[in-house]
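Reviewing the structure listed below.
Order as written gives the chain letters A, B, C, D, E and F; numbering starts at 1 within each chain.
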Amino acid sequence: MANLTHLDASGAAHMVDVGGKAVTTREAVATGHIAMSAQALSAIRDGAVAKGDVFAVARIAGIQAAKKTSELIPLCHPLPLTRIAIDLAFTETGVTATATAATDGKTGVEMEALTAVNITLLTIYDMAKAVDKGMIIEGIRLLSKKGGKSGDWQAA
Amino acid sequence: MANLTHLDASGAAHMVDVGGKAVTTREAVATGHIAMSAQALSAIRDGAVAKGDVFAVARIAGIQAAKKTSELIPLCHPLPLTRIAIDLAFTETGVTATATAATDGKTGVEMEALTAVNITLLTIYDMAKAVDKGMIIEGIRLLSKKGGKSGDWQAA
Amino acid sequence: MANLTHLDASGAAHMVDVGGKAVTTREAVATGHIAMSAQALSAIRDGAVAKGDVFAVARIAGIQAAKKTSELIPLCHPLPLTRIAIDLAFTETGVTATATAATDGKTGVEMEALTAVNITLLTIYDMAKAVDKGMIIEGIRLLSKKGGKSGDWQAA
Amino acid sequence: MANLTHLDASGAAHMVDVGGKAVTTREAVATGHIAMSAQALSAIRDGAVAKGDVFAVARIAGIQAAKKTSELIPLCHPLPLTRIAIDLAFTETGVTATATAATDGKTGVEMEALTAVNITLLTIYDMAKAVDKGMIIEGIRLLSKKGGKSGDWQAA
Amino acid sequence: MANLTHLDASGAAHMVDVGGKAVTTREAVATGHIAMSAQALSAIRDGAVAKGDVFAVARIAGIQAAKKTSELIPLCHPLPLTRIAIDLAFTETGVTATATAATDGKTGVEMEALTAVNITLLTIYDMAKAVDKGMIIEGIRLLSKKGGKSGDWQAA
Amino acid sequence: MANLTHLDASGAAHMVDVGGKAVTTREAVATGHIAMSAQALSAIRDGAVAKGDVFAVARIAGIQAAKKTSELIPLCHPLPLTRIAIDLAFTETGVTATATAATDGKTGVEMEALTAVNITLLTIYDMAKAVDKGMIIEGIRLLSKKGGKSGDWQAA
């Protein structure tokens, strides 16, 4: 039967013991999308293409958030990230963010990649919200993970 | 034409001047959903209902993240939040998080409400990821905002 | 009957709404003691008196912790502290820390003063732990508070 | 003669060099108690037993504080915690918190366990302070440590 | 005679009481320069002009650091910044950063503007250090301040 | 030709992959100076010599900032510092700060040493600014680095 590893036998939350796990190279890729009005999309495209800072701000926000993951997600272990990169691409209705995180550690970096995607997309929301308050962040999910005892995983 | 207020005339990002704006009571409500497998949902439901800590952990993560918004979203102003509450409810396919943030300040609290929703849902992901890595976070959006010069706004 | 204001009707934790409360000047004083072996006490006394940095390090730790209170105590509101001072005094068996915190805000600063005392004493523990691991932190409590709707309070 | 390792020959505080120390598995257990009025105790018991969130909030606060130890205690080294668990139990006059921290690192985790206990108890204070401002935090001390060059230690 | 306001009569550091001071609009402008080899300057110029992200990264670092000032400078009061903007310009030997900070508060924002300049220049150092380790940060100083009891000030 | 390693082929900033690099002992030494009026210098000297806390506050600020480097400099990797020490010395016109940082890690600690110097000097500025607003921070640079693939480096 399915169990939540973050809860002990009595149901109390704890940061699970990873002391006995091996240090291996781990990588995770996550993605997500922000959908917006044509007007907001054109403002962002303008800012990103003609002016420069828009995507850089969003990427930096995502990178810095990835490093804060264990501070944001209460039961995450602190991890020495060895890499974090965020890719942004326009779609017909908005922007897709894809984050790759890696570490040599005892637990995976799925949460780091997902946190980077979330904060990257929220930062784009923040920059375009004067134009469109109705933007929707959607499809945030893990694409793949590598390394660790549970092995590799690929989204269906 | 639509402009991004976070960029100055040369395209450089800055934290816009809100010094001249009035201090008013502001409130924002945001929501989002995490969809998961039946097995993960039953594990979460079990943890939340029978054991207690699951929803509490997610709520606390969201509350603490709301207070960190200006640290996470680079161009957000620091705001003295006067209230933050997070509501969690089961759906047939997962969990919906709804966050209400309020302040008496010079700028709105949309980003605080949205950040709370994001981190709350990521924390649920973290707790259930041993059961289901394919969960999807979706439909993160602003429901309403009150206060400030631009007035009240309600999602369509 | 006694109720916990940090829980809503359903028992969920939230950061209570202080939006409607008046901004008043608030002050709180808290204290606590660390008891140690004669050997540790003499090392600390030596370090504090002859060398200088010991008490300064503890005071700075307490001051910086007070500013982090809302980050450490999940349901605390962020508060713009207008003053924080920490007084350290030797006793026959250790060191007493007394912290005074003040703000002009909508909620009290009891937690800020108490957090400052805790972290100040833990920092002394840290500096003396190579000499004595058996030190005990004790008697941490609020001495007084002023301001706010509930009025002034003095420890018995 | 007893010396404070955190001070150099001139009395200046520094973060001591642990570069030459071996990476070993280290564990520390710390405890502490908060004493309160019967009325506050019954409110906490009510909140913890009937409603759920009270102990979860305190535990999460302690876990997150443990991860912030090197930020709070100025001369502590940053450490990749591999485990942190907090146990809460009612006594006749209040609540006892016991924290277990572990790492594979070059220095011990005593301060992490002690910081977790402190912030857990302060969070309980925060939740019950509307009922009883006279609560006292007491008996915070290390129970045991394992690992490292100085070997195992057990409180008397 | 000159006194350090951050020390009390006994020489102990404290965060001075600003509770009685009026809330006024305050602004500060600070500047600084990083000098580098021709090779590093051309790499930065290339990155900034042709590619976009270099200056954006440095600006975001400075903006986020300004918001962290009271966390970094121990005796600084937390301040709700209403504006922060960072201007970067090439010189013949490197890059000049100029930061403008503003608040409506009880103390000045000189430290916020100076902190922004420092971290902006350090971030440029970080990005160019693979090309030139001998870069020098110099001339960091306040250019002007406005508001508050001590009135306006202009660098000579 | 010189390239910025922090930018990928398209010019986007990322945290470069250090996963394949060896863990070696690394050390860096950085320095800087703050020049001030005779009046400010005498106030600082007074505070440092007669009273004690001035230099301790500055040193602690520098030590704590070094531990926050990866939070402040967006593309820096988190590093487990094994040592940080800050040396302060009076010159005829001000104070020189020299910081030594060390780690056993996959990247160097130059930024940690430089960040420590910057924040140490800013903290001295903060303590003396009531006496002299015209102080200038200057000559911040790396003195030496050891360890890592690129080998040892010494300032000319």
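FYI, contacts are C-beta pairs under 8 Å (C-beta built on N, C-alpha and C of every residue); 3 or more make two chains touch, one makes a residue touch a chain.
To keep track of the chains, here are their UniProt names: A, B, C, D, E, F = Cyclic pyranopterin monophosphate synthase.
Keep in mind that what you see is a predicted model, and the values were worked out from it rather than measured.
The minimum number of touch steps separating chain D from chain E is 2. Listed here as common contacts of chain C and chain E: B, F.
The chains touching chain A as well as chain C are B, D, E, F. Taking each chain's centre as the mean of its C-alpha atoms, the one that lies farthest from the centre of chain A is C.
Counting C-beta pairs in contact across A-D and across E-F shows that the higher total falls to E-F. Using CA-based centroids throughout, the chain positioned farthest away from chain E is D. A straight line joining the Cα centres of chain A and chain F is 31 Å long. Residue positions 12-13, 52-53, 56-57, 59-61, 64, 68, 71, 74-75, 80 of chain F are each in touch with at least two other chains. Chain contacts in this assembly follow no simple pattern; the graph is neither a line, a ring, a star nor complete. Contact annotation for chain pairs lists A-B, A-D, A-E, A-F, B-C, B-D, B-E, C-D, C-E, C-F, D-F, E-F, with touch applied as defined.
Residue ranges of chain B in contact with chain E, taken from their complex: 8, 12-19, 70-71, 74-75, 77-80, 105-106.
By the touch criterion given at the top, residues 25, 55-56, 59-60, 63-64, 67-68, 80-88, 102-104 of chain D touch chain A in their complex. Put simply, chain C touches chain D in their complex at residues 2-7, 10-13, 32, 39-40, 42-44, 46-47, 50-54, 56-57, 60-61, 64-65, 68, 71-76, 110-111, 114-115, 118-119, 122-123, 125-131, 133-142, 145, 153, 155-156.
Those residues of chain F that touch chain C in the complex are listed here as 52-53, 56-57, 59-61, 64.
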